[in-house]
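The first chain written gets the first letter, and so on, giving A, B and C; residue counts start at 1 in each chain.
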Amino acid sequence: MSAFAAVIARELRLSIRTGGDVLTLVLFFVMIGVVVPFAVGPDRELLSRLAPGVVWIAAFLSMLLGLDRLFRADHEDGTLILLRHADLPFWAVVAAKVMAHWVVSAVPLIVASPLLAVMLALDGSAFWRVVLSLLVGTPALAALGAIGAAVTVSIRRGGLIAPVLILPLAVPVLIFGVGAISTGPGPDLSGSALLFLAAISLITLALSPFAAALAISSGED
Amino acid sequence: MTTDTAPKPSFWNRLAHPGQFVALTRPLLWPLTIITAALFIAGLWFAFFNSPEDYQMGDTVRIMYIHVPTAWLSQFVYGIMAVSAIGSLVWRHPMADVSMKAAAPLGATFTALALFTGSLWGRPTWGTFWEWDGRMTSTLVLLLIYLGIVALWRAFDDQLRAARVIAVFTLVGAINIPIIKFSVDWWSTLHQPSSVFTMSGPHMPPSILTPLLVMAIAFTMLFLTLHLKAMHTEVARRRLMALQRQAAQTGKTA
Amino acid sequence: MTERQVFGSLALSAHALAVGRGGIALAQGLEFKVQNGKCLLLRGPNGVGKSTLLLTLAGIVEALDGSFKLEGPTSEDGPLLHYCGHRNAIKPRLSVLENLDFWAQLNGPTGAASLEALETVGLDHVAGLDAGYLSAGQGRRLALARLLVSARPLWLLDEPTAALDTEGHDLVTRLIDAHLEAGGLVVAATHDPITPTDPNRVETLVMAGIH
């Protein structure tokens, strides 16, 4: 097994062994779907109009919430320093961690999204578009999140500041993510929005390992 | 695996020494202040007494003379921060760190001013203080980025280490800002056509353009003056911190 | 133990090296040159920059002034050094063997097999146990086993004997002996009297603070 695969395998194994984190995130994600009807009323028509945005915001917040564990534990037990002497460039180690992070923090949300669809009265075709846009857009959130986690890893209480840093940068993901679902009136731009979303995901995925690796190696010691 | 940090003496390196930087740039401070004040007096006189009212917006158009320069600065200051970030990452220039740190709160202030004047202007124009107009929205996102950077500076204990980390984040932001702008424009349906930055347009007569330019230069000079002063303050603050740490160290080992 | 692997010629040298953190120098004017087969012991009281020197040599902290060089194999042969710091980098929810296997795969399985390395450090009987159950000393042994599973010529050891019993001190001495025998190079910061058996192989750098 190559070093790259070893990093991914370890991250996945660790998150399965400490399954609580994933479960908490999914719970949080679903709870937003539970809370929104209480806030805006149980009107199915209104809910189904709000649903794409609510699902995206729920995914957005859940992923930001889970950000801190990406590098912090490794920083605290000294693993992060050793990862820099791996038989693999450090940015590649970071890239592997980002991929594993996407698998453990975004995939469970996508799997749980039918629950939200039911609660928010999202119809069939719109639901599949939500899933598609989450699939395309969440890698960008994971990649941006990695930068935020890397920048704040050496701050003792950086858990709160990382989401605040990343939220504004993730606005385009939200815009095109919801745009790709486009249930509103007016011309249908969901196709181009999905393409833009894919482009943003690719750009951030390509950039993030280098930026995060640089941020870690300049901040961590 | 060779690390060689033998300094090459040059003007650039003399600037790199914080004490030398302060000594070299301190004489600039007063002339800059005077030029800024003169420009503001001229610009404000133009803006209040020597420029026409808008036939639709009336006197409220004069808000533009504050709004447009601060909006311009909100982007210009980020540019300064991004250039300083490169200086900090590539050349390890200590003054680049200081410049980056000093610029962040100034940028946030000018951006907040641009938003504030924008919403004052929006009240008579749109009938509401806040409209999710494309330009206003992306300026708001920019303000959030500035505030995030300011918060980040405050979160670090070790300012030397902070500089390189924040430089990385500043550059990530710089790459992201055009994407944010594009996406917000795409999203915004109430987007007003850009009438200010396409200055060559026929609807911007010289009687408006002249005071606008004077005010833009005045605000830019104001930023440069404040930035320089803030850099001097930061250098002094760092020297104080270094002295305190040294005192703690000798106290401990003695 | 591992088959005797002889590393190529190797020299670590420093010239007028100043190390420190946060821009404050802890030690300066450091001069040394060690060849392979030698062990450089860093001695001195707390706070004189022993750990910082090791971190600097590991490329994690930047040198404040001066320079250091690792001559010999080109860096294309992959990373040349093992760093073993205060923290053991052990995941409590992975088994002892899984922990070690991960490092073997990440750093390249160029040294001893994982089980063999565990046997050397005396942890083979707990290989299947979650690493969270290890005592501090056992955790230290696991961290030392990491040095064995990937063969790298330069070891940078920061208090390798921390939390270890007398038998553990002997273990560290044995490991260093074997590494020197194989042509490796060791830089170790320690307060404990761990001296390689052959006194000719030892060089000592006494560090004093800056006043």
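Here are a few things to note about the model shown:
The definition used in the following text is that contacts are C-beta pairs under 8 Å (C-beta built on N, C-alpha and C of every residue); 3 or more make two chains touch, one makes a residue touch a chain.
This is a predicted model, so every value here is computed, not measured.
Remark: among chain pairs B-C and A-C, A-C carries the greater number of C-beta contacts.
Chain A has the Cα centre that lies closest to the mean of all protein Cα atoms in view. Between the Cα centres of chain A and chain B there is a gap of 31 Å. A separation of 47 Å divides the Cα centre of chain B from that of chain C. Between the Cα centres of chain A and chain C there is a gap of 38 Å. Residue positions of chain B touching 2 or more other chains: 161.
Multi-chain contact residues of chain A, defined as those touching 2 or more other chains: 221.
Annotation for chain C: residues touching 2 or more other chains are 21, 59.
Of all residues in chain A, those touching chain B in their complex are 147, 150-152, 154-155, 157-158, 161, 164-165, 167-169, 171-172, 175-176, 179, 186, 193, 196, 200, 203, 207, 211, 214-215, 218-219, 221. Contacts from chain C toward chain A in the complex involve residues 21, 55, 58-61, 78-79, 81-83, 85-91, 93-94, 98, 102-103, 105-108, 146, 150.
Per the touch definition, chain C reaches chain B in the complex via residues 21-24, 47, 59, 62-70, 75, 80, 209, 211. Residues 1-5, 158, 160-161, 242, 245-246, 249-250, 252-254 of chain B are the ones touching chain C in the complex.
Residue ranges of chain A in contact with chain C, taken from their complex: 1-3, 5-7, 10, 13-14, 17-18, 74, 76-79, 81-88, 93, 217, 220-221.
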